[in-house]
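Labels A, B, C and D are assigned to the chains in the order they are written; within every chain, residues are numbered from 1.
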Amino acid sequence: MTDITTGIAAAGGPSPGNVRPAGDGVRVGVIGAGIMGADHARTLDRWVSGAVVSRIADVDAGRAAQVAAEVPGAATDTDAQALIAAADVDAVVIASHDSTHAELVRAAVAAGKPVLCEKPLAPTLAEASAVARDVAAGADLVTLGFMRRFDAGYTQMRADLAAGRIGRPLVVHSIGRGVSSGPGADSESAITNSAIHDLDIVPWLLGEPLTEIEYRAGNASGGAPEGLQDPHLLLARTAGGTLVTIDIFLNARYGYDIRCELIGETGALSLIEPAVLRRDQDLVSGYRYAEDWRPRFADAYRRELQAWVDLIRGRDGRGELATLQDGLRASRVADAAVRSLRSGGQPVTVASD
Amino acid sequence: MTDITTGIAAAGGPSPGNVRPAGDGVRVGVIGAGIMGADHARTLDRWVSGAVVSRIADVDAGRAAQVAAEVPGAATDTDAQALIAAADVDAVVIASHDSTHAELVRAAVAAGKPVLCEKPLAPTLAEASAVARDVAAGADLVTLGFMRRFDAGYTQMRADLAAGRIGRPLVVHSIGRGVSSGPGADSESAITNSAIHDLDIVPWLLGEPLTEIEYRAGNASGGAPEGLQDPHLLLARTAGGTLVTIDIFLNARYGYDIRCELIGETGALSLIEPAVLRRDQDLVSGYRYAEDWRPRFADAYRRELQAWVDLIRGRDGRGELATLQDGLRASRVADAAVRSLRSGGQPVTVASD
Amino acid sequence: MTDITTGIAAAGGPSPGNVRPAGDGVRVGVIGAGIMGADHARTLDRWVSGAVVSRIADVDAGRAAQVAAEVPGAATDTDAQALIAAADVDAVVIASHDSTHAELVRAAVAAGKPVLCEKPLAPTLAEASAVARDVAAGADLVTLGFMRRFDAGYTQMRADLAAGRIGRPLVVHSIGRGVSSGPGADSESAITNSAIHDLDIVPWLLGEPLTEIEYRAGNASGGAPEGLQDPHLLLARTAGGTLVTIDIFLNARYGYDIRCELIGETGALSLIEPAVLRRDQDLVSGYRYAEDWRPRFADAYRRELQAWVDLIRGRDGRGELATLQDGLRASRVADAAVRSLRSGGQPVTVASD
Amino acid sequence: MTDITTGIAAAGGPSPGNVRPAGDGVRVGVIGAGIMGADHARTLDRWVSGAVVSRIADVDAGRAAQVAAEVPGAATDTDAQALIAAADVDAVVIASHDSTHAELVRAAVAAGKPVLCEKPLAPTLAEASAVARDVAAGADLVTLGFMRRFDAGYTQMRADLAAGRIGRPLVVHSIGRGVSSGPGADSESAITNSAIHDLDIVPWLLGEPLTEIEYRAGNASGGAPEGLQDPHLLLARTAGGTLVTIDIFLNARYGYDIRCELIGETGALSLIEPAVLRRDQDLVSGYRYAEDWRPRFADAYRRELQAWVDLIRGRDGRGELATLQDGLRASRVADAAVRSLRSGGQPVTVASD
């Protein structure tokens, strides 16, 4: 496999070794100028050490220009492939539509450039498997955008578990709720696109894969669009026998609310909502939820991008950055969950690596 | 059916009508001088208006005497039937071993005396059904000890739901954890004796019965005794389609922790642990859990006993006091859960009324 | 001094000894059918063991009748003195206007009847001292209505401090806020009628008197009526040197909010708002404040009244019930605070016992 | 006055204009390799976009080398003046002993280099005033290290106040507690070195200066070293009449705990401790405090340094970065507080600008 730092240096970097000179930024090209891509571009530009956003591509030129206007020095493209090929792009962030991920990962790896691909790797397991097979030789160049691994709460939870503070894990409750579902959401994409974060983070926390999963629908909210069963529940089990519930509700209305509780033999750990201010008003003492994932995980995204840039410039190893295999693993579980959904809730065994 | 207040008056009360004169206490006989019985005796004696504990029965005479020593004016018995028959007993609390409940309920009803029977009505559905059939004519005399209905948190949750504050209910998560399981606990009694509280309170909250239930075991805690799968998860569904998870862990070690979250179409409600003091010490800011159910539900027990006494003395209707039918309904769900457990987790339909 | 239980028995009780027979209630006359009196009458009637409300007096006959309608068996009076003298009144609760307290306490003691007088003993220290002197021989018959001593949070705080859990106390922050001030509130009554709770509870917590106090006004809220400086701050010191801040804001709008933090050498304790339900809605996760003191301290009032009844019927000693001396002590501190207010914030030494 | 970005460019930067080319880092020299300096060096190196740590100076060469070992590319000095003069230093961070601040600020300004000086500007007001006068012509080059202005909680609090969400401010309670005081702490340095953060942040929150202040000592903790009155209380007032309490306890033992509550006419705002994980264990449900200021304010330091670097490289204006005047203002209030301490608690008027 290609070494990610060598790869970059070889592909587009000016330096002979695998450590770039301090102060010389990794030139990142961002594909997709939608909400996620714009956010990544701004974060890289303003908050990440050692990175420069050199190009932003979007099929909608105006949208690319709008983001570029906030990122000094960034050029724009409408053709993602041109961006990948550009000499002033050392590394690529893929934040375009899910359907484009696989092809763009292939192109980036072919160009020998490190790539951070937003989840999912592909909308279906078949496609994800195909791309994983195709880029196997350059797999080290690929990172999947599972940013929760860089959230302070999950990080501390994993460390406490690993340190034996609550004994052996027995049950995990993972909850993901949002204000309203995005355009085009349906019952399957609620799994492959939203629950997939839970399907990645739970094995990461526990250090063991999910091996079986069942889908359960309850009452559907009248606030969900047609075709989307919302909320739904996934009941899963890890290789080690830990029981996992995943409760997803995309149109929960009340706020963007991500929770996780991990119950062990001698104690339990749970995420605290990272609110910073309490307001007492109108007979209520409360704190505010984020309206979407960006404020909730802004710091996780920043740390993820920093870790990725540090990996590229040889300052750090891969650390918690999700690998191609991690992405494939999450897709396998999502696929099993979709099959359970289609079967009316039968337990489905997750395909092994 | 017998009217509960008339019944009492006829059975042992000195007054001709169904409202006792103010200041004249209902004379209660408490059967069982264990933890629960002693607690009920003390609560009735100290904190309940209009009640007098006249007799305490236990097969262990010393134990009865010990409790009676704290309750001025209470006589003791070793024979529960004698207590039920005693002229100075207007009403009976059954807090003896689960296996004795059915027979004592029969005796109390036969004596025409109101009876508050601790849950469960009987260890098995067959026995519970038999006693329900046998005492049908005097069913109004029977109250089941589902005290959570009198807890301020559940009460407020139900009122908020009923007032439409969170829209239609979609999902319920009910969690019950304790420090350590009692003597003799096994996987089935964890359902029939512990989870049964959840099996009562969830339908009470939602106003609709549980109709289907599945049992799931995960990793078992090394801290649980042999024969007890701990923790376990019940996955249920109401008549109206609301999805319910019940997470029971009797040996959770960390504290006695009862939680409930109710997610509706426009908001969510969750119990707040009723701690009253925060302590900042040794780098931790925290509040204390109760070690068992008594402090956690002391107020609920008091309100339940007060409501029961007020019903007996004709000051109030039945209100939220659990009926014989409520007890039978909970036993039916528990029975379905036990059958699911025995079948390796098959979904089991709850028998209808 | 008169023994409170003997006193009662002599004055109006039917029994020869000082312990009333179980089931025979203490017949309480309640003076004042306003918010507080009505609340006490209902609590005694419904929730207190061993008490019967026999009479309710109010200068407004209609108001008395309205409360009596909720309390089975209660007669009404328009003359408080007649109530005190009535043969079917064993003990008296004074919840009428502050200006009437002193005279009614005198009358109750003269009649040899136990009396629970709502705070303050009198609006001014001079009057409070006069009544204390006048009833000195029957002082044991008098209890002051400082109900916070029966609140679970303060109780646990005091126990933790006494058990040495946070070391020696160094600083106390006591906060009392309400939605809006009552009719007629002015800057001085904000001290003598509202802050007086803090002036009682802090010495009770610490086990040492407040010896010096200073008044500080800051910006006044536009929501406060003319003549009321709101909020204000009291800065006090105990005999042992503990620094105390008391922050009072009667028109805080946001809710009825009582807090207390006690900082010791090795840790800190603080009250948790006794909310029981969290609601997630409209991007806020919050719990509700009470609108006034009644729900916040309902349980404390109940426990206080029960303790008082138990004292009267000889079941318990005085325990935490505030004595006449406690009432006088709080009045002395309030008087010092008022003098500081009048002097423009000079430190004022509290008169010693 | 010197423009900060022009200043840099003129002094040591390679570029002709006042905006550095993207990817070209500001070369920062860090003076002081103690806890604070090491932290700044690491943060600049790892987490700040557009910065390079080129030199680290400490009188203890070993200490400088140790920090430099973690910061690729950084050279070391034992002479702070040499660092300031070095051609590869564009901007200077002063994190050495408080007593050195004034002189080093003078040198940096003389060299025309932007300088971020840790608070306080100088240990005494006289020295702070002197340096402010001396560097007046280059005042724009100076930034004071009041990092709380970059904390998410304070930032949100200020925004909510400014947006009118709680009406006009009436009272502020600012609390600062630590586990144990640093070496050499005494009663005066507890003000000039610790409380000074509160003395800066409260005016920043309210948008108006503190004009009067009083010192109050209570019981001293046995855990405080000789010469340090701990805890102490400052009672202050703003130009607009808002009342402010500042409660400082350096040896609070229980944790590093920074709180702030702001009470307005229609609501109140308070900081939430930024814990991310709850642990349930040993009958306690709690979250952990930081042991010192670094984890608590890591993100604020990072944002402060980023804002400073962005100012230097012309990407942003001064924003919330504290100016020389801000530092002088805080020193004036600290000086008034020290004078109040020395006078036994007399109210002292803060010198005006």
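Operating definition for what follows: a contact is a pair of C-beta atoms (placed from the backbone, for glycine too) under 8 Å apart; a residue touches a chain by one contact, two chains touch by 3 or more.
Which chain is which protein? Per UniProt: A, B, C, D = Inositol 2-dehydrogenase.
Keep in mind that this is a model prediction, so the values were computed, not measured.
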item	value
Both-way neighbours, i.e. chains that touch subunit D and touch subunit A	B, C
Other chains in touch with both subunit A and subunit C	B, D
Most widely separated chain from subunit A, with each centre as the mean of CA atoms	C
Interchain centroid distance [CA atoms averaged], subunit A/subunit B, Å	46
Cα-centroid distance, subunit B relative to subunit D, in whole angstrom	57
Centre-of-Cα separation between subunit C and subunit B, whole angstrom	36
Two or more partner chains touched - positions in subunit B	253-254, 266-268, 275, 280-282, 287
Contact footprint of subunit C on subunit D as seen in their complex	167-171, 173, 177, 216-223, 231, 233, 235, 237, 240-243, 245, 247, 249, 252-254, 263, 265-268
Subunit B to subunit D touching residues, read off their complex	179, 253-255, 257, 273, 275, 280-289, 291
In the complex, subunit C residues that touch subunit B	19, 21-25, 27, 45-52, 72-73, 151-153, 156-157, 160, 165-166, 266-272, 274-282, 287, 299, 306, 310, 315
